Amino acid sequence: MQALAGCRRFTPDMSTSGPSLEDFVNEVKLAVARSRSGFDLVQIPMPSALKTSGGSPLNRFGMAIDLDACNGCGKCILACMQENNVPLSSKERRASGQFMHWIEMRGGAPSMCFHCGNAPCEKVCPTGAASHTPDGLSTMMYKRCTGSRFCGANCPVGARKFNYDDAVKEGLSRRFNDQVPLRSKGVMEKCSLCLQRLQDSKHSHMAMLPGMEWRGAGVQTACAVACPKHAIIFGNWLDPTSPLVKAAKRRNIYAPAEVADLDPSVVYLRGNR
Amino acid sequence: MDAVLNSLCCLMALGSSMFLWRTPRSVFKEGGLITLYLVLFMTFSYLTMEGSDATLEYLPLRMLALCICFSVTSIRSHKTRYLVMAQILWLWIEFFGGVSLVYRGLDMPWTRVIAIGSCAAGSVFMNHISREMEFILMVYWIAIWMFF
Amino acid sequence: MPELQPLAQVPFDHSLHGDSIGLDCNHCHGGAHFQGHAYMPSKKDCMDCHRLPLTEKPGIEKLDSLLALSGEFPWNHKKVLPEHVVFHHGLHYAAGVQCSDCHRPLGGADYRGGLAKGKPYSMQMCVDCHARKTFKDKDFKPAAVYCGACHR
Amino acid sequence: MYRIPIYIGVVLLLLGATAFGVSLWEGPAAWHTDMRTLWGTPIALFVLWIGLAHAGTLISAIFLALGFPLDRRTSMIAELSTLCSLVVAAMFPLLHLGVIENFYMVIPFLDARGNFANIRSPLVWDFCSIAVYAVVSTIFFVTHLLSEKREPLKKMVRPMSWLLFPLVLWVHTVVSLDFAVTFVREWQGAFFPLYFISGAIYSGLALVIILLMAEHCRVRLLEKLMLALSWVMAAFWLWEFMLKGTFSFEVVFLGAVVPQLLWLRPIRDNSFVIMLVAVSVILSLGLERYILVTPSEYNVGNAFGWVDLGLVVFSLGLFVTLFFVLRVKLRKPLEGDDVVMGELSVQDEEKANPVVGELSNNFHLLRLPLLVGFLVTLLYVLWAVSVVPDPMISLSVANIAPLCLPLLVLVATVTLCAKSFWQVLAPKAKYVLVVLMGVAGMLVGMFWAGGSSAAAPGAVSVQELATPKPAEKIWEARCASCHGRDGLFNEKFVREFYPVPQKLSLERLDSLGMDSLVSVILNGRINMNAYGDRLTEEEARGLVFYMRLLAGEGK
């Protein structure tokens, strides 16, 4: 890998500064123990290409969570925190059950941003910090966020987390992964479907195989990799060869009633194994 | 909402409009009457419509607006101004109610909004309104209510 | 702040190492054409050619001695990208963008040429080019302008 | 005169300032928030004070427009209260932000980086409407203030009131949309626009009644209106209960039951009790706003911390101080020549100045400004639709329409009164005006440039994915410097500095064989450098294959 790296100094491993891994593990344990009530699920068809303008006909990334396989161990939460440098939450917030976790346990199964095709949060964001990519990710541009918390108020499932505290200054955040910037105080954050991994894959692809279409093959989200039961499947809804489509075929697809008619990209699977 | 209920609403608005601004009354009487109508319309729409229908939320206000539109035709002085204002009130309710519903996934009642808007804009330029014109306006409003 | 390398005593001149001797950017800046970063050359990369004094210029012995003294990584990489931005050199090269479109080909200390014309790089430059406002003469394809393309 | 209220105000202000400072310092963590309550007290106060700000415009502008002018002093008091409440109201949305210095990103305006605010967001409409409302009502106030002496301004007041009339209702409608468009169950309601407007006017009237008490005068018309509105509000609360089953006893008691005391003559005659009633009305509306922005399951009363209370006190203190200080400063022009205070019955007024055909007179004055405003608005909308940078955003009329009226009114007002203002303004005032414009221009420039995008200490590293690098790329990066891109070595370089390497030919490659070639690549030979520590063996093998390819092409 470093064949041509020359003088590159790989950014110093910052993971040593900040709270210890145990703190994160413990917080995840706490969160899993405080698992919130589940959704009432309704059956939906398999997600198709975005109906909004500018959607890509090739890619729409999403995830499926297999409720028959998941046992609610919470490893995905920890993996997500390590991949995306998600900070711990302050004592007071923790006491009232508020965590910064991008993945939460709802009724014993993980739930994160559903990356709705027509996302209510993006419609009300005054600055455009909450925006959509053509391949179906609901993204957050932290530098453009002014912290009006309108998106958070308008998210039907409360998937968005607000940085009430300056996590870096208060020693709550730890940089496990130097490919994801740390969020500053006063901005919203949420599951990005591991945007950075998709970007890196796409960029390398465009550099090495220009002219060939990129379908995001081989990309995995941290939670999907971490799941011991393989209950989380990431993939491209529009690519029939994608593991996601294969897994979702011949299964019943569900989404929470709150987002069912908002064209979610992240869904639940159940039955017909 | 089915046509029968719809026409029933229209009839209620028409009927109740008969008793507004008849004789020069105090703020109290008019205010009280309008409130009474509002409560009446609210109870009516609450009892007759199923709660799942989001358009229920502003039905009573729309009925009230229609009622006021009808009623202002009986005002003596500055009739034009009050006609315009009454229709703008109706437009206001329809448009902003519509906007809030658009963001919740329903679609905008554009034809209705445009019809009312154009009617309001048109009536700005009537400096004298004859009985016939009043009648035509009323028919037009009823048509808007029933069909758009 | 990284320690000052011995080599810092001699100014590096791109014009001596560039086209004049038929060398391409990615001969020294490995990866400039197909990787994310255009890396700075390691000492070994320099020594590939500088094992023997290459010219009769008086400065050359000094350079060679300094090279001998200097550490494994004689150059310091200067970061210009904010934390929330990704820039991939390789894909821009693949899209037909030349190094000199953004970098000063014969630059001394200041590598900011081309579009930047010595000014600091800014998002405006990126966006203008992506939206095909600049380089109208070149046949670049219009590039992505949605936030998620370059920001994370 | 007014010494006591000013003292009270200052004390409240100082008490509340602590909470305000804490909130500025700590950000949204300072006041009460939880899983469902992301907004909290500042927004509640903002909605309340914006509502209170309606009184002035309502009483002077709308009554004036409709031809029930109250006496000058009453309407001036009302307008002053509007301005002061606006100042108070404007602070809280800013305080509410997580990153206050980024507030300018809400302005629908294209910056140097091609960023454009998301004009689909009610918050953007909100910001614009309130900014315009502040500007226009200030102009209106000043015009009204100066119109006593200066003729050219006098005839501006009424047309301007016609411009202000729709704007004031528009502002609160837009505020209500902030809630009505969301998916929060407690906030959903297509009836919110009128609901909020009535609430705003209701509380505004109560405020004006209190302020008039301080002037030792009463306007019965306003009290009647307040009573009538109390019924309308009761109806709306009933509707809320029907739709959502939410119902607050305190709100209904303070806001709908207490005002009914006005039925009793002895109470109606006692100004102090009337003041109490007005206070209870404001309390009820404030409580209602707080409950609205705090849609949590449990009793919000428990969550109301000292910072929340402090913010309330701060807003109150700020208003009282501002209002009465200005009241004293502007005493002369405010009170003017007429000492007529107290009730003017509507009927008398209508007889006093017949308003027949007055609409058309105003229209005559308004024609040009409205036309200009309309054109500018149209141009703006076209421009805005064309510049929206994000291909994923598609705009509809419903997204932009709420933005239009404020812009139209702003342009119209300016064009309406610019000329006559320029006539009446003193030279010094003109200089001030010019300077202000300069400052505004500077701000626009700053917003255009946007914040700095300086390199952060730890820039993210792009992950080099483990794609096996095609030998071609390695050849270009490592070998082509001497051996040339095409295998026919790089003339410029090798002729000058190095002995010419062997010519690439299939025979030669075959004679040497794969393994020896790989070892040469990795360990080097006479002039050939060793790449063992920079290339893996597989990559070296790949290179050999690539050399064969080149050699094949070579001949």
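To keep things simple, chains are lettered A, B, C and D as they appear, and every chain counts its residues starting from 1.
Basically, a residue touches a chain if its C-beta (ideal position, glycine included) is under 8 Å from a C-beta of that chain, and two chains touch if they have at least 3 such contacts.
Note that the coordinates shown come from a computational prediction; the quantities given were computed from them, not determined experimentally.
**Student:** With centres defined by CA atoms only, which chain is the most remote from chain B?
**Tutor:** Here the answer is chain C, farthest from chain B.
**Student:** Applying the contact rule given earlier, which two chains have the most C-beta pairs between them?
**Tutor:** Looking at every pair of chains, the most contacts join A-D.
**Student:** With chain centres defined as C-alpha means, what is the inter-centre distance between chain C and chain D in Å?
**Tutor:** It comes to 43 Å between the two C-alpha centres.
**Student:** Mind checking the centre-to-centre distance between chain A and chain D? Centres are C-alpha means, answer in whole Å.
**Tutor:** That gives a centre separation of 29 Å.
**Student:** Which integer distance in Å separates the CA centroid of chain B from that of chain C?
**Tutor:** Between these chains, centre-to-centre, one finds 70 Å.
**Student:** Indicate the whole-number Å distance between the mean C-alpha point of chain B and the mean C-alpha point of chain D.
**Tutor:** 32
**Student:** At least two partner chains per residue is the criterion; list those residues in chain C.
**Tutor:** 30-31, 34-37, 42, 45, 82-84, 86, 88, 146-147, 152
**Student:** If I count partner chains per residue in chain A, which residues reach a count of at least 2?
**Tutor:** In chain A, residues 3-4, 54, 120, 123-124, 128, 131-134, 143-144, 179-181, 196, 200, 203-204, 208 touch at least two other chains, as defined above.
**Student:** Please list all residues of chain D that touch 2 or more other chains.
**Tutor:** 181-183, 390-392, 453, 456, 458-464, 469, 473, 477-478, 534
**Student:** Strictly by the criterion at the top, what is the full list of touching chain pairs?
**Tutor:** Result of the pairwise touch check is A-B, A-C, A-D, B-D, C-D.
**Student:** Could you please specify the touching residues of chain D with respect to chain A in the complex?
**Tutor:** 27-29, 33-36, 38-39, 96-100, 102-103, 105-106, 115-118, 120-124, 127, 178, 181-184, 390-394, 451, 453, 456, 458-467, 469-470, 473-474, 477-478, 534-536, 539
**Student:** Okay, in this complex, where on chain D does chain B touch?
**Tutor:** 67, 169, 173, 176-177, 180-183, 188-194, 221, 224-225, 227-229, 231-232, 234-235, 238-239, 242-243, 355-356, 359-360, 396-398, 401-402
**Student:** For the complex, give me every residue of chain A touching chain B.
**Tutor:** The touching residues are 120, 123-124, 261-262.
**Student:** Of all residues in chain A, which touch chain D in the complex?
**Tutor:** 1, 3-4, 10-11, 14, 52-55, 96-98, 120, 122-129, 131-134, 143-150, 152-156, 158, 162-165, 175, 178-181, 184-188, 196-197, 200-201, 203-204, 208, 258
**Student:** Which residues, counting only chain D, touch chain C once they are in their complex?
**Tutor:** So the residues of chain D in touch with chain C come to 112-114, 389-392, 453-464, 469, 473, 476-478, 480-481, 490-493, 496-497, 529, 533-534.
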